[in-house]
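The next part holds the structures, each set out as structure tokens.
Two complexes, one shared chain (chain A), two partners (chain B, chain C).
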Partner chain A sequence: MIKPFPEYYKLSPSVKTFSFVTIGVGLVFFIIGVLLNLHYPARIWSVLFSTNLYFTLIGLAAIFWVTSQTIGYNGWFILLKRIPEAMGSFVKWGALLMIVILALGSHSIYHWMHEGITNPASPDYDALIAGKKPFLNQGFFWIATIVYLGLWVGLIYLVRKNSLESDKAWDLANYRRSKVISMFFLVVFAVSTSTAIWHWLMSVDPHWLSTLYGWYCFISMFVGSLSTIALITIYLKENGHLKLVNDSHIHDLGKWVFAFSVAWTYLWFSQFMLIWYGNIPEETLYYRNRFESYQILYWLTFFINFVLPLLVLMTAGNKRNPNVLRFVAILLVFGHWLDYYLMVTPGAVGNAGYYDANGQAITNFGIGFMELGLPTAYLGFFVYVVFTALSKSSLVPINHPFVKESITHQT
Partner chain B sequence: MAYRYLLGLFDDEVPLLDAVGKLRHDGWHIHDVLTPFPVHGLDPVLGLKETRLHTAGFVFGATGTAFALLAMTYISTVDWPNVFGGKPYFSLPAFIPIAFEVTVLFASVGMVITYYLRNRLSVFAHPEILEPRTSNDRFAIVFDLGKYNDDAGKLEEALLRMGAVEVKVREMNQRQRSHNEQSA
Partner chain C sequence: MSHQYYSPVRDPLILGNKTYAQITEDISSQAERGPTLRFMLAITFTGLIALMGVLAILYTIWKGIGVWGENKTVGWAWDITNFVWWVGIGHAGTLISAILLLFRQRWRTGVNRAAEAMTIFAVICAGLFPMIHMGRIWDAFFIFPYPNSRAAEGFIDWRSLWPNFNSPLLWDVFAISTYFTVSLLFWYTGLLPDLATIRDRTKGIKQKIYASLSFGWRGTAKQWQRFESISLVLAGLATPLVLSVHSVVSFDFATSVIPGWHTTIFPPYFVSGAIFSGFAMVLTLMLVARVVMKLEDYITINHIESMNKVILLTGSIVGIAYLTELFMAWYSGNLYEQYAFMNRATGPYWWSYAAMMTCNVISPQIFWFKGARRNVVITFIMSIFINIGMWFERFVIIVTSLHRDYIPSSWLYYTPTWVEVAIFVGTIGIFMTLFLLFAKYFPVVAIAEVKSILKSSGDQYIAAQAKEDAEERNEQGGAAFAGAYRKDKDQ
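Let's look at the complex of A and B:
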């Protein structure tokens, strides 16, 4: 039997260079994009918002993975546990930026926040939005935003702190505490992701509603998160860390990515089919925007997020092969960013009422400097935060009661 | 009384795994290994070929998808066109759930039938059992004595040295299929 031993990761110069170069290049691209689009604030703020939301939710869903596996007595993932925990440390930065972005840009993203929309005397009066006033009002929106972000950051801090404390000594009380914290986190996560998605994303198209939208967004962030975990695991393994991780761990990560890609499509299609079948104007508007103005990008998400993992990751050999899994995971991280981008931008830009020189309404600005640069900069920022967090503790939680089960893991 | 087999019985999986590895390393050809439950790590040690059952499953599933889509297209556009909810005759989104279900049906039923045929199992089959206790608490390494008739003594000695609790010879009326004949 191999005994668990602590492994320490030192922030390598290549990771630092990668982060700084991507942040620098991405920001330059983004600033060029902003300068070119100063007349179209909806475009700028919706890209900022969807990208920031995506990377924050990736960190959040990583903690969801840790806590749900803790509750489920999962043993095999213990060697990888520190990676999602480190990803969770991005949430505090994302939350901070989220508040800044919403404080400055919410007026450009959310049509329902405009003056007079709910006032019957105003020419802009919108009866449908006025009917949703008990939910869609600024007071509730801001209180809920602060509460969600505060709860997430606080609980993630507790999860990570408790996990790092276990490195000091073998202590079963620590393991029991991790169960209690996980339960609290899961209850909060289950409710708050759905309601936060209603507040932040569904209200971008204020007339539209879909009851499974919250789960759809959850699966999307979860696939992004699992792909990132797989990518970091493969990176660390190939650079001589995580010596105890074997190809069965990689195989199981591949299974998670594969399974939840299919689950994503299940909800993607379920949402579409009911709206297509019901054919109610308020509901079909959402798809009309996307199929008419964003046709190529919308189908691209379908091919990257469903067809690619389905066909490539179907065989066991491909799931075990780090090169194949890395290829699919990189595309999936991009594909689910695109998914979030397409949840926000068509609605925000479509409702903003922009017209070009010929008086034609502008519904799609396409992918430009801004859309390429901002995710790149965020990627660098995310990598820097996560790898800094990884370097602060042992990569292996040596005192976890299930760590030996993880070492002997075999599928 | 045509077929004779030598069985080395173990009472634990750890010595069994060691023994299988050592015996193959020494050049013995293992006819089969019988265990009461799936033993982790046995397949690579035994040199078991990977099963092709999942490939069959994929083919059955793809057949199901194609069959369902073609059948529904034929029924709802040619054979008996009906308007449902103002939708066109050929409404792909409405076909997807049924295509999915038929895919699952074809894949699962097809794989079960393939498995039964390949392993020659059915209600009417009465296979001879080499050692009943392998479904309870014993692990058996089986050798074909048709091949190793003169080496039975050496095999018995090697098995006992590697931790076998019992070695016995069984005479069967039916030929027992080897592990690779069953798995592939």
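Let's look at the complex of A and C:
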């Protein structure tokens, strides 16, 4: 007889130390960077915005994974289910910070928010942006932002609450309820990620558009999220937790990371190739900005997010090897952060700060104290929030109807 | 570690308390029996329709493309619409056999064989259209690589091998022929053990035919081991192909700069639409086949519900893509984009846009309700709706984007001629004829694969597991693990 047993995780001192040290060191770097860049507020706000958005979306996409797998009758992932659920609890913090960052910094990030840009009498008038006013206006932007964040936080709360309640007793009604909640979450997620991405990210380059952009951003956050799930699983397993998790679970996580890295590339290529082939100036300007001033970083994202997982995770042995998977996953978490950074910064900052003495734009890394420090601090914060959430329930959802399938999982 | 456990919460996929012997008997006896009168009538009917299509094709080749309704402005119309429609339909089979295999969806075993066969027949029908549309069909070899003198002088590299390497139409040739080859191999490899089963049950000339078709399959451990390896390799190859084929088809349009065509969402949106239409066609055929061939125990309501869920998912993705395109056309501030979409919805072809929206976006929403997903009649009607809707989607994209170009003096209206209609209906005849032949002479459900899920998804095994689990819970007092919940604890 297979018997699931509850397992508890207590927030370990090493995790606490890791969080506090990364937050401390990261903040010091960030503050140094801020002091050096006080004359370029756009650079400060864009790194704050893109980093906060990335970590929030990682949490959100983790819940997407749980809910989509719930709808899809996934049995093998049940032993890992509590990890993405805990990751979802970062979203409320991310949402709060998002509102603060946008309230204080949105004028530095969004060109379309500038005074007079939609006023025909103003010298700054931009007819194209004025035409988008029904969508790009502060009122709508704020209402939409609050609605997206509110819906996400509320639904994530329901998903997690329902899951934790299943620990009380064996109850199929709870399982059925999880399907209904998941369905609502998925519908909201499917619509709101695209529209939120248009509001928050696409409008950073207000003249540019791409119909695929929303889905592209989704897949990027999803790979970041899957990699984080893999990292937390491996960490817990190696520290004596998740005793029932075996190689096959690690292997399957590796498959997800591999498959969706390839899917990311598919969408990257589709968007890039079609814009390159069409060669319409309004569309190519997006890539031109990135290739002119951020070339090395831009190709670095492509290398980390595609070439690396493709080559390294191709074989079954590597997917099952926690050390290899951890190596790739760490780089992927960074690679997709870089992807988000490059969605915001070239549009918001342009070449500001990167001109030589003659006023010529110069190619550069675009990475300084701020860009190293802030994600490090966020990483510490994220780890602290997620591991605290993990410590609040059993790691094994012992009453889930598929938990025994997950325990006997073999590939 | 004990053996793999299967939760009794899952729905059974094989009904009727079957044994292995019964499964063999139920499925292979269909292929062993001689053709019935009903079958002869059906195949005569579809054969005549196919013949009509072939005659219309010959007529087109004899007289030239002028017998079609295309004009100077609308150079692509029914032919390419039909091509994309058929390629789309050819997506379900390989998705079911490859991607659902990787996702370990056990319900795939009930429908994968027929869906794969359908894929192959649909791709055959699709491949006809670009060939005929070339007009001078005897020049069709242009699309294949061959050493030639057509390239610009001085090139002796790949540019002289392929006349137009940078055209997405050429990429199509590669994408579709690769897809066809891999799908065919996948389908036929899966058939080998089942053909051998029929061989062992028949006598005389029939046995000889099935013996040669089964390539000497004996079912030894070595053969099974090779079979499993090759299945996995083919699944790995086929998975990216399912995505790439329709992506490349979408490039035919999206690489251009025509308003309504040049949009980056096309590749994933086309793939989603293809799966949507492919599942609709699988349902149209299988809902009939399961009743006629008495396969209700193998293609159960649970299978139908799963397919309807895929339809709801892909249909909703397609709906989001429609709305995204509409929004972006407005957001672009580009007059031509905006006009292209206004013209789709309100111009002379408004009816095709309305048909597309109704059949593809609005009506599939009924599948949010479990009752509708499990209702055979509703499902059948919806599958026909979706087949129609997806045809209109391609018509909308192709014809309405072309018929009003940048110069109003060249605006024209396109109407198909009887020849085009006859060719299209003819390909449906070809498709149905091939499917009927397959359904009559081949095992229409994958016998070996269904047997592999009997112990996890047979109704009697699920009932036994449910009973065992209930007893186990009773022994432990019903709430064995209460107390794992930590709400009362600190933090």
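Note that the second predicted complex is superposed on the first by the 395 of 411 C-alpha atoms of A that agree within 3 Å, B and C clash if a C-alpha of one lies under 4 Å from a C-alpha of the other, contacts with A are read in each partner's own complex, and residues count from 1 in each chain.
One rule holds for everything that comes next: contacts are C-beta pairs under 8 Å (C-beta built on N, C-alpha and C of every residue); 3 or more make two chains touch, one makes a residue touch a chain.
Source: prediction; values computed, not measured.
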* Partner chain(s) touched by A:Y175 [first = chain B, second = chain C, both, neither] -> second
* To do: May I ask you to decide whether A:L104 touches chain B, chain C, both, or neither, giving the answer as first, second, both or neither?
  => neither
* Is A:Q410 in contact with chain B, with chain C, with both, or with neither (first, second, both, neither)? -> both
* For A:Y277, is the partner it touches chain B (first), chain C (second), both, or none of the two (neither)? -> both
* Would you mind checking which one, chain B or chain C, touches more residues on chain A? => C
* Structure fact -> Going through chain A, the residues touched by chain B and also by chain C turn out to be 273, 277, 410
* Interface residues, chain C side, partner chain A - complex -> 1-7, 9-10, 102-104, 240, 243, 247, 251, 254-257, 262-268, 316-317, 320-321, 324-325, 327-328, 331-334, 472-473, 478-487, 491
* **Footprint of chain A on chain B - complex, ascending** => 40-41, 54, 58, 85-87, 93-94, 96-97
* Where on chain A is chain C touching in the complex? -> 1-2, 4-6, 8, 72-73, 75-76, 127-128, 131-132, 135, 164-165, 167-170, 172, 175, 190-191, 194, 198, 209-215, 255, 262, 266-267, 270-271, 273-275, 277-278, 280, 282, 388, 391-394, 396, 398-399, 401-402, 404-405, 407-410
* Where on chain A is chain B touching in the complex? -> 269, 272-273, 276-277, 279, 314-315, 410
